Amino acid sequence: MSKLTHLDDKGEARMVDVGAKSVTEREARAEGVIRMSPNTLSMIIEGEHPKGDVLAVARVAGIMAAKKTHDLIPLCHSLNLSSVKVELTPGDDNQSINVHARCKLSGQTGVEMEALTAVSVAALTLYDMCKAVDRGMIIDGIRLLEKKGGRSGHWSASESPS
Amino acid sequence: MSKLTHLDDKGEARMVDVGAKSVTEREARAEGVIRMSPNTLSMIIEGEHPKGDVLAVARVAGIMAAKKTHDLIPLCHSLNLSSVKVELTPGDDNQSINVHARCKLSGQTGVEMEALTAVSVAALTLYDMCKAVDRGMIIDGIRLLEKKGGRSGHWSASESPS
Amino acid sequence: MSKLTHLDDKGEARMVDVGAKSVTEREARAEGVIRMSPNTLSMIIEGEHPKGDVLAVARVAGIMAAKKTHDLIPLCHSLNLSSVKVELTPGDDNQSINVHARCKLSGQTGVEMEALTAVSVAALTLYDMCKAVDRGMIIDGIRLLEKKGGRSGHWSASESPS
Amino acid sequence: MSKLTHLDDKGEARMVDVGAKSVTEREARAEGVIRMSPNTLSMIIEGEHPKGDVLAVARVAGIMAAKKTHDLIPLCHSLNLSSVKVELTPGDDNQSINVHARCKLSGQTGVEMEALTAVSVAALTLYDMCKAVDRGMIIDGIRLLEKKGGRSGHWSASESPS
Amino acid sequence: MSKLTHLDDKGEARMVDVGAKSVTEREARAEGVIRMSPNTLSMIIEGEHPKGDVLAVARVAGIMAAKKTHDLIPLCHSLNLSSVKVELTPGDDNQSINVHARCKLSGQTGVEMEALTAVSVAALTLYDMCKAVDRGMIIDGIRLLEKKGGRSGHWSASESPS
Amino acid sequence: MSKLTHLDDKGEARMVDVGAKSVTEREARAEGVIRMSPNTLSMIIEGEHPKGDVLAVARVAGIMAAKKTHDLIPLCHSLNLSSVKVELTPGDDNQSINVHARCKLSGQTGVEMEALTAVSVAALTLYDMCKAVDRGMIIDGIRLLEKKGGRSGHWSASESPS
């Protein structure tokens, strides 16, 4: 049976030793969604064009958070991402914004947590900027979509959970 | 119509001026859930008892993240929380862990973002520690449950979204 | 003769004791300019409208940097700003962007350094985003414009230096 | 025509993908100057010798800031500098201090921003320590002097901007 | 019997609620020592005068670390210190440097951890700068000397532990 | 005679240039002890089993601090540790906890400071969580035990200092 690699035999937390892993190109993509009232969405965008800095601020927050992942997630290795991209797309339901992040690295550890952290913080930033008009927003479906590289190879979320 | 307070008249981002707000006791509670396979949950807990440091590490990560909120969310004010509590409870469905956070402050701004950030980072930390055995975990339902204090007074999420 | 308050009698650095200062409303405004080629400016704005995220990213960077001032400037006190505003305005010469920042606090220390840091980092961020097309940009004239509040009262830069 | 590489086709900010760049030795040098009254300069140095910790504190602040560059400039890659040197030299005009920084890296991205950030923060630190006696100090002429390494090769500022 | 206040009834870590504590003037002093070879000490100081930046750098590091305490110690409250002073004194034995720190705050929590952290990081910084010539240095006797303010009142270390 | 490598010829601090050093596997182990009353120790552990999160929180704090070393120690290079392990063991004297840390890196600089910082912060965290019941705790004997890799090769502390 698989074990939790972040715990040693006594169940104590440790930062896993990746020194023996090979340096390969790694990539991860994650997504999430923030649900809001149609009115809130229309305050952020008008037609297909943003009306102010809201989406730009959330993109920047997601990118910067990816770089801080090791400072937030206790057992994550610090690493030097070679690329981060955060995309925010209004949902077809006119009451949500989809958040997508892709991170890349040439290194010894995967970048799943960096992509998931970028998504989470971009969504939280949208919440922050809109909370004065809509406290009931909900952040849903934060998950890994795909990872490439490393010993465990390619992994892809089979299908959407909802 | 309400406006997005984090943007000025030109739609440009700013940190809202809270200098005229009164110092009051403020509190916010937020929640979220991380869904996983039953097997993953049983690796974390056995009966009602945790088998290792997993839950303790996630609690610490959530508490520390609450203190970093202003460094993650670009337009959040920095503030000195008077209390942070993060609770992790295995779900009745035996395939999830519920995350709950409560933050308090005596100050001029609400602490909703601090509670939501604590929930998000605690959930991400659980993902990190279990991802080697379960990449398909999903973080869902991150939302504000209640806030108290400040000019807008008491707010409570009417009912569970799912 | 005045002395450097950040040094003790032996010339050793210390964080000045502000415990006896009164809590008052404090405000500081600072400015600077980044000079660039006309071509670079036209890549950032078109007419009076920005063509992309460049100005928004620089505004966010300036705001976030104001919150980090105590972590950058060794002897600065950490404090909880009540307001930060960063404005970027294309220069009349069509080859520069003026950076202006205003910070506010209700507290025991002035916020000059926060305003100056916001200006500096917003300008550096503009440099970063445009450096691939214009390495010769120069950041000039970073200075305090005005401060209010505190024992030393109001101070205003008499006139523009250039 | 060159484009701003930090924006994608939609004008949205991203962290540029450097994964395909080769690892080479990179170096950047930057400079700036802080102008002050002759009296202020004489408080910092006496003859050619510093009277206290002022210059040492500013040097340390510049070095530490170089390491934080990716945390300040939103789209900068995090990286592991192999060397940082900050030099502070009283100006021949007896009313200024010149700030010079040199950063080195063996990696996939240039270190121009690290050198410029070191200069900026060292100058801001000097401002902080002397502001009680001289609020009118001005930071001028922050610019890149030279860069080496990477695909774009060697670049040198042609001449001083005065 | 006293209980560990940082754990709740289930033994789970939390950030203690200080919201009901009164705002008072608080102060803490801590000390420690780093033992080294006489040769190493003479490289740092000559007679009573430092030969280079070593002591200044360690002082700055201690002061900056005091401001970061809440980011290092998971359950510490973030707070805005009103004063930090770090003193480094060569020991009478000619083979040690004594480190002393004093922190002050007007607030709801004590500042013992800030003083202890300042001492620890100043000592670690001395180790770093001298390790190339003396890897056998030892940091000893880090302890609280005195605290004032707050409900528990004045506390003083009765005598030196030797 | 050896010189302090962190100072240049003028005695000014710099971050040493490690660009010419070879990339090798590096490892460092450090230790320290926190002395407390027997009653305090029994509050943390009962028999051989911890009663709550105390040891887990201190382990996490030590691991996270190792990753922040370059942000605490001014002249330390930032680096990407491949492994961190912190162990806390009750002392045979029933009135202390021994702290041990081991850090690994494949890189150009040693990781002694990372191991020493992990030990220091884990010990400070224990102090923090127990200080309400035992302010007289003392942190002693923080020292390097062993280092491997790099030009200077293997080094081992000859024997225990006390």
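Just so it is clear, A, B, C, D, E and F label the chains in written order, and each chain counts residues from 1 on its own.
Methods note: a residue touches a chain if its C-beta (ideal position, glycine included) is under 8 Å from a C-beta of that chain, and two chains touch if they have at least 3 such contacts.
Please read these numbers as outputs of a predicted model, since none were measured by experiment.
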Smallest count of steps, each to a touching chain, taking chain B to chain F: 1
Distance-maximising chain from chain D - centres being C-alpha averages: B
Same-residue or different-residue interface between chain E and chain F, half as cut-off: same
Gap in Å, rounded to a whole number, between the CA centres of chain E and chain B: 32
Intercentroid distance (Cα basis), chain B paired with chain A, Å: 16
Shared-contact residues (touching 2 or more other chains) in chain B: 12-13, 53, 56-57, 59-61, 64, 68, 71, 74-75, 78, 80
Category of the chain touch graph - line, ring, star, complete, other: other
All chain pairs that touch each other: A-B, A-C, A-D, A-F, B-C, B-E, B-F, C-D, C-E, D-E, D-F, E-F
Touching residues (chain side chain A, partner chain C) in the complex: 53, 56-57, 59-61, 64
Parts of chain D lying in touch with chain C, wherever the complex brings them together: 2-7, 10-13, 32, 43-44, 51-54, 56-57, 60-61, 64-65, 68, 71-76, 112-113, 116-117, 120-121, 123-125, 127-133, 135-144, 147, 155, 157-158, 161
Chain E - residues contacting chain C, complex: 25, 56, 59-60, 63-64, 66-68, 78, 80-87, 104-106
Touching residues (chain side chain D, partner chain A) in the complex: 8, 12-19, 70-71, 74-75, 77-80, 107-108
